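You will see chain A twice below: alongside chain B first, and alongside chain C after that.
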Partner chain A sequence: MGNILADNINRRSKRNKRFKGLIISGSIITVIPIFLIVINLIIKGVRQINLSFFTETSPDTFQAMTATANGEVIPGGIANGLVGSLIMVLLASALAIPTGLMTGVYLYENKKKRYASVIRSLTDVLQGVPSIILGIIAYIWIVKGVTRGYSALAGSIALAIMMLPIIVRSTEETLSMIPVQIREASFALGVPYYKMMIKVLIPCSFSGLATGILLSLSRILGETAPLMLTSLGSPGINLNIAKPSSAVPLLIWDFYNDPNMVSMVWSASLFLMIFVLSLNILSRSISKNRKYI
Partner chain B sequence: MGGDRITKGLLFSSSLVLLLLSAGMIFTLASGAIPAFREFGGRFIFSSAWDPTPGKEQYGALAFIAGTMLTSLLALIICIPMAFSASLFVSEYYKGTRIASVLRSLVDLLAGVPSIVYGFWGFYTLRPLIMKTGLSDQGFGIFTASLILAIMIVPYATSLSSEIISMVSTEMKEAAYSLGATRREVIFNVVIPSAMSGIVASFILALGRALGETMAVTMLIGNANIIPKGLFSPGNTMASVIANQFGEADGLKMSALIAIGLILFAITALVNALGKVIIKRFA
Partner chain C sequence: MTDIPILTIDDLSISYEAGKYAVKNVSASIKEYAITAIMGPSGCGKSTLLRAINRMHELYPDINVTGDIKLNEESIFDIPAIELRRKIGMVFQRPNPFPNMTIYENVVAGYTLNDIRLKKSQRDDIVEKALRSVTLWDEVKDSLFRKGTFLSGGQQQRLCIARAISFNPKILLLDEPTSALDPIATSKIEDLLGELKKEYTLLLVTHNMSQAARISDDSMFMYLGELVETGQTETLFTNPKDSRTEAYLTGKFG
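And now, the complex of A and B:
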């Protein structure tokens, strides 16, 4: 009898250990890709990154081919993509951040209203919409309807629609963590509503709001699919938002499709990833060091 | 009090933007899809023909619906053991320790890598590996795309299920331990049953992500407008066919692509809604 029990315990503890080993190895396998991707990009991409990588526009196929044939670094850089990305992201932020913040505040103030819960569900739906569909929408609305041709404006609209739900939800969630007493205290002093919002709600929840905004930015910076249908790309720097414009992810796509440019893809991807990941890490570290909440 | 009214009006009107945006999107997709549905009717969904030859144009979405479903479900199956181990690691075995937060940040970083970088990395590192196995000549196809997709959706599944697992009540776990259960038995008899619905929901939401993923899939699936014949056969998903063909499309073909967009929109919205309902109902 005692023997059987000991046997049983042995077997159970063995299975227990085996399972733990399984979980640990599964977790290690899960994070291996991030190391592989980062290491791969650094090894193959760092060679091309120099000052001219940021100041010159993208090379054409012929230049790239000659350079590769002579074993030189491909001339040119991603300046047209950088400028395009900057313009589109700024424009998208200008559209989405104020609207998103205000909608978030509205949802927070009108929690129980039926209308608010409809808006909340729509935000969820919007957040789940695949980005390529936002590309179709911006194409129909802006490329066909407004600018009569591919344009940076259309790209910005697609990106803005992507940012909006992220900001709305993070704003509402952040605000709902502020203690009610802080609001009530300012109302008790007779502060008008908008002042309470600007002087109390927003400062108190600043880090949370910043996290949401940075997260939404890091989401749209790497977006390629909607831009393929809207801003298309351009070989030179373009400052006119009614004209086609390049963006860093679009350049990666162009480089990828050109067999002479392979080393440019690695560098541009490396740059884009470092940029997006740092935004990501920054936003998470802000949310960790929150003061009030 | 005028200021108050203006502020409230402003807040309300910004929420209207969201309402109009959603309504406008659905309306635009639906009206853009009308010509294709008028031409092909219900056949559009159940036919896998895709022939843009002028004069005898034939469009059907079935091949792409099949491609999307196959890649996403396969990605989900590959993702489950990874996300499951990572969530147990973070929220059970090493809960609250430094190593858990390191692992969690690493998994979160996976969510920050842009889709096009995944596609490119998959093209140059995963594809050659698959070619070496001899299962596919070019290395493109459903399996390659699903593998990348699985890596891409792991962080979404992990963050939610680890949150749910960490909420399982300590009393219940301690009760099981006091009866002499091993950790594995506690996990299977207490943690998983009580966190089940949340775990399921997190995988459904991850599936919703996979359905709409475009760039990485486009770069790896092989872009063939056919119903995939096997795991290593090339195919196309709804998102990748739009990405590939929208630029040069007009007329009926454009409408067919918009109709595919509408179907994709409906499927992702349904899947996401299902995930959200499960979370609200049970977790």
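And now, the complex of A and C:
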């Protein structure tokens, strides 16, 4: 009898170990690609990254070919992409952040209303729309209709639509985490509704709102497909939002299409990756350090 | 303590949904400069009644109120809500200082959030006076500009009382203000309430009978939404007229 029990326990602990091993190997398989990507990007891309990489516009094929043939670092950089990305992201934020915050507040305040639940499901649908389709929509609305040609404005609008659902849902969720007592406290002081929202609820949920905004930014920073149809790209720095404009992910695509600029692909990708990664880490640390709720 | 009622509740009924009354035909009068305790088992409508007095129920549009409440002969439903809540302050079950504000800002929140502009010296006076009356001044005078949420639970609750009295209200509504606190913090708040009744009229909801017996002058006993009995605390506790009051006081239910 004792033997059977001991056998049983033995078998169970072996099974436990096997199962544990299975889970751990699964997690290793998950992280392997991340390490491979980062290592690859660093090995192949870091050589190109210097000051002029950030200050100069992208090189033309001939310069790149000569440099590669001589075994030198390709001259030029991604300044046109950086400026284009910055302008488009700022414009998209200016459009999407206020709209998203207001929609989120509305959904939070009117949880049970029919109209709110329609908006909520539509927001979820919007989050699932493939980005290329948003590009096509922005192409039809803005490129064809407003700017009569590819433009940074069209790109910004496509990106803003991508940001919206993330901001709306994170706003609603963050606000719902604020204890109802805080609302009651300001209500009992006779504070008007809009004042309570602006001076109490939004400051209290600041870290949650900031996290949502940063996540939406890191999402759109790497978007390429909608920009191909809207802002197209430009070899020089462009400050006019009605004109075609470059962006970092667009530059990566351009570099990829030019056999002489392969090493630029790696360095531009490395930069984009590190930037998006740091935004993600920043948003995580903000949400970890949330003080209020 | 005078015998003039400052607050008269007249045939007040409150329902959360049609036909279901949380408070049924309650009529009562509250004496000025006294502590009136509203007692009763959970769900008897005591908090609902209290919240109607400064129209907190308007936060929830489903709630329906009939009857009248008069503050010094004037119906509270005729006073603009903002003005009413300045005359009738409220303290809640759990301490709820504004987490985004410092201790100082919390005390004057009623002014700043309502766009009442004050000189810095006026604000300083209000803060010091309010914190002194809740006996918090000595404990926090060196950390006025730290966040209110750093304080202990009892200190936070006294801060909330300071916030409520910074407007010099006539009446202070207290919704089980000590139920989230430890015994020492509770006894501090109880002592404080005894002091505050010299300047304010206090209306205290409590499910703690001994607390009501310790500090209140008058008591109201509610059961299933009805006001069963009301009177001087001493009389009500020693010689209850209604059998339900007696059953509650002797611990038969509650």
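Quick notes
Everything that follows uses one rule, which is that the second predicted complex is superposed on the first by the 281 of 293 C-alpha atoms of A that agree within 3 Å, B and C clash if a C-alpha of one lies under 4 Å from a C-alpha of the other, contacts with A are read in each partner's own complex, and residues count from 1 in each chain.
Simple rule for what comes next: a contact is a pair of C-beta atoms (placed from the backbone, for glycine too) under 8 Å apart; a residue touches a chain by one contact, two chains touch by 3 or more.
Just so we're clear, the structure is a prediction, and the values are computed from it rather than from any experiment.
Using the contact criterion defined above for the overlaid structures, shared-chain residue A:179 touches chain C, although it does not reach chain B. Judged by the touch definition given at the top, the superposed model places A:126 against chain B, while chain C stays out of reach. By the touch criterion stated above, A:98 is placed in contact with chain B alone, chain C being left untouched.
In the superposed model, A:190 lies in contact with chain C only, and not with chain B. By the touch criterion defined above, A:23 lies against chain B but remains apart from chain C after alignment on the C-alpha atoms of chain A.
Within the superposed three-chain model, A:269 lies in touch with chain B and out of touch with chain C [touch as defined at top].
Of the two partner chains, neither chain B nor chain C is touched by A:10.
Looking at the superposition, the partner that touches the larger set of chain A residues, chain B or chain C, turns out to be B. Annotation: chain A residues 192, 195 touch chain B in one complex and chain C in the other.
Of all residues in chain A, those touching chain C in their complex are 179, 181-192, 195-196, 199-200, 203-204, 206, 291-293. Interface of chain C with chain A (complex): residues 54, 56, 59, 81-86, 89-90, 92, 94, 96-100, 109-110, 112-115, 147, 149, 160, 163-164, 167.
Note for the complex: chain A touches chain B at residues 12-13, 15-16, 19-20, 22-27, 29-31, 33-34, 36-37, 40-41, 98-99, 102-103, 105-107, 109, 115-116, 118-119, 122-126, 128-133, 135-137, 139-141, 161, 164-165, 168, 192-195, 197, 218, 221-225, 228-229, 232, 249, 252-253, 256, 265, 269, 272-273, 276-277, 279-281, 284.
Of all residues in chain B, only 1, 3-4, 6-8, 10-12, 14-15, 17-19, 21-22, 24-25, 28-29, 32, 81-86, 88-89, 93, 103, 105-121, 123-125, 151, 154, 158, 182-185, 187, 208, 211-215, 218-219, 239, 242-243, 246-247, 257-258, 261, 264-265, 268-269, 271-273, 276 touch chain A in the complex they form.
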